[in-house]
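First chain A sits with chain B, and in the next complex the same chain sits with chain C.
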Partner chain A sequence: MRSSFRAGAAAMMAAAALLTAGCSTGSGTSTVEQNTDPNQKVELTYWAWAPNLDKVVDIWNEKNPNIHVTVNKQDGGDPAITKLLTAVNAGSGAPDLIQAEYQKIPTLVAADALADLSGTDAKDTKEAFPEAVWNSVTLGGDALYAVPQDTGPMAFYYRADIFERLGLAVPTTWDEYAAAAKTVHDADPEAYLGTFSSNDAGWFTGLAQQAGASWWAIDGDAWSVKIAEDPTEKVAGYWGGLVEQGIIDNKPMYTPEWNAALNNGKQVGWLSAAWAPGVLSGNAGATAGKWKVAPMPQWDSAKPATGNWGGSSTAVTSQSKNVAAASKFASWLNTDPEAVKALVDVAGIYPADTEGAKTALTKAPEFFSNQPDFYDVVGEAAQSVTSFSYGPNVNVAYNAYNDQFAKAAQAKTKSAFLDAVAGMQQVTVDDLKKTGFTVK
Partner chain B sequence: MSTPTEIREKPSFLSTGILILGALYCLFPVIWVVAAASKSSDELFSTFTFAPSVHLWNNIVELTAYRDGVFWRWMLNTALYAGVGALLSTWVSALSGYVLAKYDFPGKNGVFKVLLMGVLVPGVILAIPQYLMLAQLGLTNTYWSVLLPQIISPYGIYLARIYAAASVPGDVIEAARTEGAKDMYIFNRIALPMMLPGLVTIFLFQFVAIWNNFMLPYIMLGDDTLFPLTVGLNGLLNQGATAPALYTLVLAGALLSIIPLVIMFLFLQRYWRVDLAAGAVKA
Partner chain C sequence: MAATATAPTQADKTAIAGPGSPRKARSFKQRALTPYAMLAPGIVLFLVFMAAPIAYTLVLSFQQKKVSGLGLGKGAQSTVFAGFDNYIRSVTDPEFTASVLRVLTYGAILIPLMLGFALLFALLLDSRRTRAGNFSRTAIFLPYAVPAVISSLLWGFLYLPGVSPFHFVADRLGIALPSLLNPDLITFAIANIALWGGVGFNMIVMYTSLKAVPQEIYEAAKLDGASEIQTALRIKIPIIAPSVVMTALFSMIATLQVFAEPTTLRPLANSLSTSWSPLMLVYRDAFTRNDIYSAAATSIIIALATFAISFLFLRIVQKRAFGQEN
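== the complex of A and B ==
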């Protein structure tokens, strides 16, 4: 259906191009005419969904009367990107700036939705970010498609009170995690140390990333898909085993049921990311002070690693007439100390800017007031995030994850989990070929 | 209306029972919303589903505080989309239906058949083509992008044609013409009032359809100050994995958003009854 829509949109645009060809002035069709007068007043629109981002932007607007930015609050990553792609297909209606999750960038680049910022001020922000993060906005090439904003280094959250009652130590390896899961479930048949969520592909991606996976790679013009390989199979097999034994829950996260379990102590732990305090305080406010954070359980304790779940960047769209001004704003928003501090304080994000994170994140979030070193733990995790490459059809792979793993979580067998990985690989490769990419 | 001479039958327990069951079935979700909207976020997932609590006012205050009261803006937007949209749509439907019923022109049957086909096409699948068309005009992300596509309602035109055929006698139009009245004058001053009871039905249909419409504004709008309630509340629920879903706000919002519809139905219900009665007499 998606491809037929694309074909329809393409036909429509072709027709529109024919109609307008008569009056076009012969300027290039791929680049929008740029506003170059530096003293002209510029109006920028910015689609973003981070809470209270407009308050941060107010600081900019006060200081920069010539470049006025208006935030249009969006519903979240997926709807905003879908809308942007529709607007790009339609030829008008896109904003100047957009908050884009890292995994969406290759898709947007493939659709010609983003402006290349490598010729603007934004290229000077490179030093501010960890290398793995910078790679995800350059896609490993010379172009620059966005300025990193926040990241989601993964960590292990657990109910310290329940751990203490059961006499459990915090698991540092996945073997210990499995043992702890068994203890928790044996002590209370309704309680689980965690759940395998077949709804959250980003979460599973983070787990696979920790094990060393990187699902896409590009060599020249040829893409390769490396989902059904050792690291991901290891992770899927591990979780399949836990679900088969029944010591880990198999219900999705972010459901009312799961929220209830967070509240009443039936979910004793959560493998999540740096932004978890916001979700926990919103969904289980009454459990404040009972949680603690620890580094992720490890596959190899000699080489600590973690994955990334969530995180986004500020990109400039290909329809913007003011790329230079937009790029200037994006650089300020994500690297200026005052802006980063405001992002942390009012938008509640975990900044990608290394220095900014260090200076802005000194006091533990209120929900974790029982753990003063909260950000030391998370900050250390952020340093051990491994590199991961996304491809141009992440949405397809993620949908395949939902379909395949929903079945596997119902089947509750280890072999079904391994089949699900193979299924994801198959669907992702087939889609790349069908869309016209060269696949190795 | 009821007279003492009316034939009274013994109430049937079976049919009364079925009706009560049906009423409960319809009211169940409403009761749930009322109960859930009164809970704090901690209680929402831990206390008994239908046990009401005392936090309704708190939730409404919090909802009002969210993004400086953007919820009430959504309420006004919805009222604008549904009110103005349904009025315009009713007038356009009445005019088109009247023309189709009372004029003879080449291609009339063809036009009507295309309209009938339009009745069969769900509005949802037209949203993307409509987006692409409005993008050509640079009208996406404006009030117009939601108002304009909803003015044409094939079903409304179809109904209006039937009402016009039944309630506007050809002789009246002839008489007005001999008096020298222009066509538009005849429509606005003579035909429209005659069709009024039927038009109330069309207005209500359109009003509810626009009030509940999700797909079109969802695709058209990028700026949340232009959102109607449906899209706005959906956004509160889908904040992405990194932010908590604002369940309590959504529930309070859902409760507030059905109140205007309930009030309107209570008020306009009698017109609907008049309409049915009038139709029966005229036929």
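== the complex of A and C ==
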């Protein structure tokens, strides 16, 4: 009895030892040894969440037997970044490459999670991208933190059939947009030309960007936060006015209610980005062929501008042992004509590469088969995206947007919208100061 | 391990030398170790999955991230000892105080209703005249098996005026229903989801303890001419008081930890902030704002408060509820 118990205990301890050994060998092997010989095989891991990206990477793997890339599918932008920051804190476990949204880059740079690519081939891709996009991967300095992949130039989507029935012209300025919103709502008290969504900070950022806002800036060796300034206040006041008059809805986007409204014609328009066809066909499939795209309404028709909603880049992490190879892959993925074409066809993104976008995006998406010049409109909008700088605590500012503008949308007054902008500024600056950043 | 391997040779030697005290000593030592070996799995699991995370949370709660200048590039960020800074900031944060108040209101609505319904259903099921008892019991218990996230999504659909069948019917009848997602009603909307999911569980706990009551007591009551209602009020409720107290305690703890329902409803309406409940605040600090240190401090405060409230509650009701057991 006793000896068999002892044997059991010994076996258990051995098993426990094996388990711990298993754990320790399991972690920290995602990076590979330093590679100097060009003919030696390199293994790269790539965390990304764009759909079907692995199929694009297969093309690379076939052509480059010496640099093999493995895509590790992620849940989305936020969880992937949280995981990367954890790995960087732990000192191991990060991939070689990561898909990073533009607004995450300063946070990642601040955490020393990204490698500087300014000494690699990637610097030669500069000419391929619009200047505003390039600025968001350099943070306006000499370093290069990522290669741009896709962007979300904003445009105005509207129900052409309902516009025709109401005899409405497509609004080209924000004043016309307000008038059209009134007409739509007067004709059907349940219908709206759009909604002000407190859930989508990226959407509001794009609107502010169009008006000329740039919320963070590097001023010598200090950050400055410029949320509560004229362009953003103008945009918030404008939307607050529309919500106060009741001619624009105040409910969040991406709710079952909003989906239903897109389907049954109660949401007549949507200020969205180049990727909207995917969302519309998924959420309002029955309305195919009834929508059209137009440039965003303008503040100043003489100087057409637009903002970005979404978009991401390919970055190399600071833990990668093969920065040169990873950089080579990132450049290929986002500027090689074949790769960009594949990104458009199988991953369904709107490429940041200007020439690539032009050659790859020729046929309108199926949902917009009624508008053959779909990509001409969107492509032109992409050219007018204005520059916008993100700071190291975009997450805090976006979270403040959610809470502050939820209150404002609930209050339905213009002054509450202006208070919300001030609240965002306050929370963002306080957070920077608390962490010790120098703030001007 | 080495000692185990050499033990038999030692035993052989003592065997040759003749039976004596060394052999006794060994078996005594072995006997002394046995309970520890038996406890080892439990202790190891406790240390690894309970004590270590708690200790780590404590360590984190006394640290903070510090950057200098622009905070970009290598070595610009470091982790420093923060003393009680995180705790002071948590306690003095108006958002934290507001979230605690909201949750107390929520509990004041939810707990009496939930326990009241649970007790009512348990007594009804236990009364002699009940028909279809098994079916009703299952039907009341079933919502408990639905995960909180799923039930919140379901109720979210029912609450949204644009897709809700209730609003559809009311509209047809010409009645204007207020949206439960309005700021004035949102606490009720969340409490309703928890009520729907929680009544069944508490009912089962009370019902089980009713079943344990000896039948003779009821017979005696009947002989004395007590009606069903009198039996329920004067006999059943006092006897199952301990389980009512226990369910109340569980409900209070669950209330303080409410998270899934408001988090799932939040994107549907403007009336819920990302810091609506204390745990949502912790989640926001840790995962949205990447400030794991503040989140750790707030977690410790919530844990201590939960402990204190539970302890206090038991002290107050213990005498009354468990008095008859002694």
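Following the convention adopted for this analysis, the second predicted complex is superposed on the first by the 406 of 440 C-alpha atoms of A that agree within 3 Å, B and C clash if a C-alpha of one lies under 4 Å from a C-alpha of the other, contacts with A are read in each partner's own complex, and residues count from 1 in each chain.
Note that contacts are C-beta pairs under 8 Å (C-beta built on N, C-alpha and C of every residue); 3 or more make two chains touch, one makes a residue touch a chain.
Everything numeric in this text was worked out from a predicted model, so none of it was measured.
Clashing of chain B with chain C is the outcome of superposition onto chain A. Of the two partner chains, both chain B and chain C are touched by A:A260. By the touch criterion defined above, A:G436 reaches chain C but does not reach chain B. Look at A:N250: by the touch rule set out above, it reaches chain C but stays clear of chain B.
In the superposed model, A:F163 lies in contact with neither chain B nor chain C. In the superposition on chain A, contact is made by A:A273 with chain B only, not with chain C.
Residue contacts after overlaying the shared chain place A:N399 against chain C, while chain B stays out of touching range. When the two complexes are overlaid on their common chain A, residue A:Y375 makes contact with neither chain B nor chain C. In the superposed model, A:G91 lies in contact with chain B only, and not with chain C.
Of the two partner chains, chain B is the only one that A:D75 touches; chain C does not reach it. Shared contact residues of chain A, touching chain B in one structure and chain C in the other: 5, 9, 12, 16, 78, 254, 256, 260. Here chain C touches chain A in the complex through residues 1, 4, 30, 34, 37, 40-41, 44, 65-77, 156-157, 160-163, 183, 267-275, 284, 287-290, going by the rule given at the top.
Residues of chain A touching chain B in their complex: 5, 9, 12, 16, 45, 47, 49, 51, 54, 72-79, 83, 86-87, 89-93, 95, 152, 200, 202-203, 254, 256, 259-260, 263-264, 273, 275, 278-286, 309-310, 348-349.
Within the complex formed with chain A, the chain B residues making contact are 41-42, 44-46, 67, 70, 128-129, 131-132, 135-136, 138, 140-141, 218-219, 222-224, 231, 234-235, 238-247. Looking at the complex, you find that chain A touches chain C at residues 2, 5-6, 9-10, 12-13, 16, 78, 82, 85, 106-107, 109-112, 139, 198-199, 218, 221-223, 250-252, 254-258, 260-261, 266, 392-393, 395-396, 399, 402-403, 406-407, 409-410, 431, 435-438.
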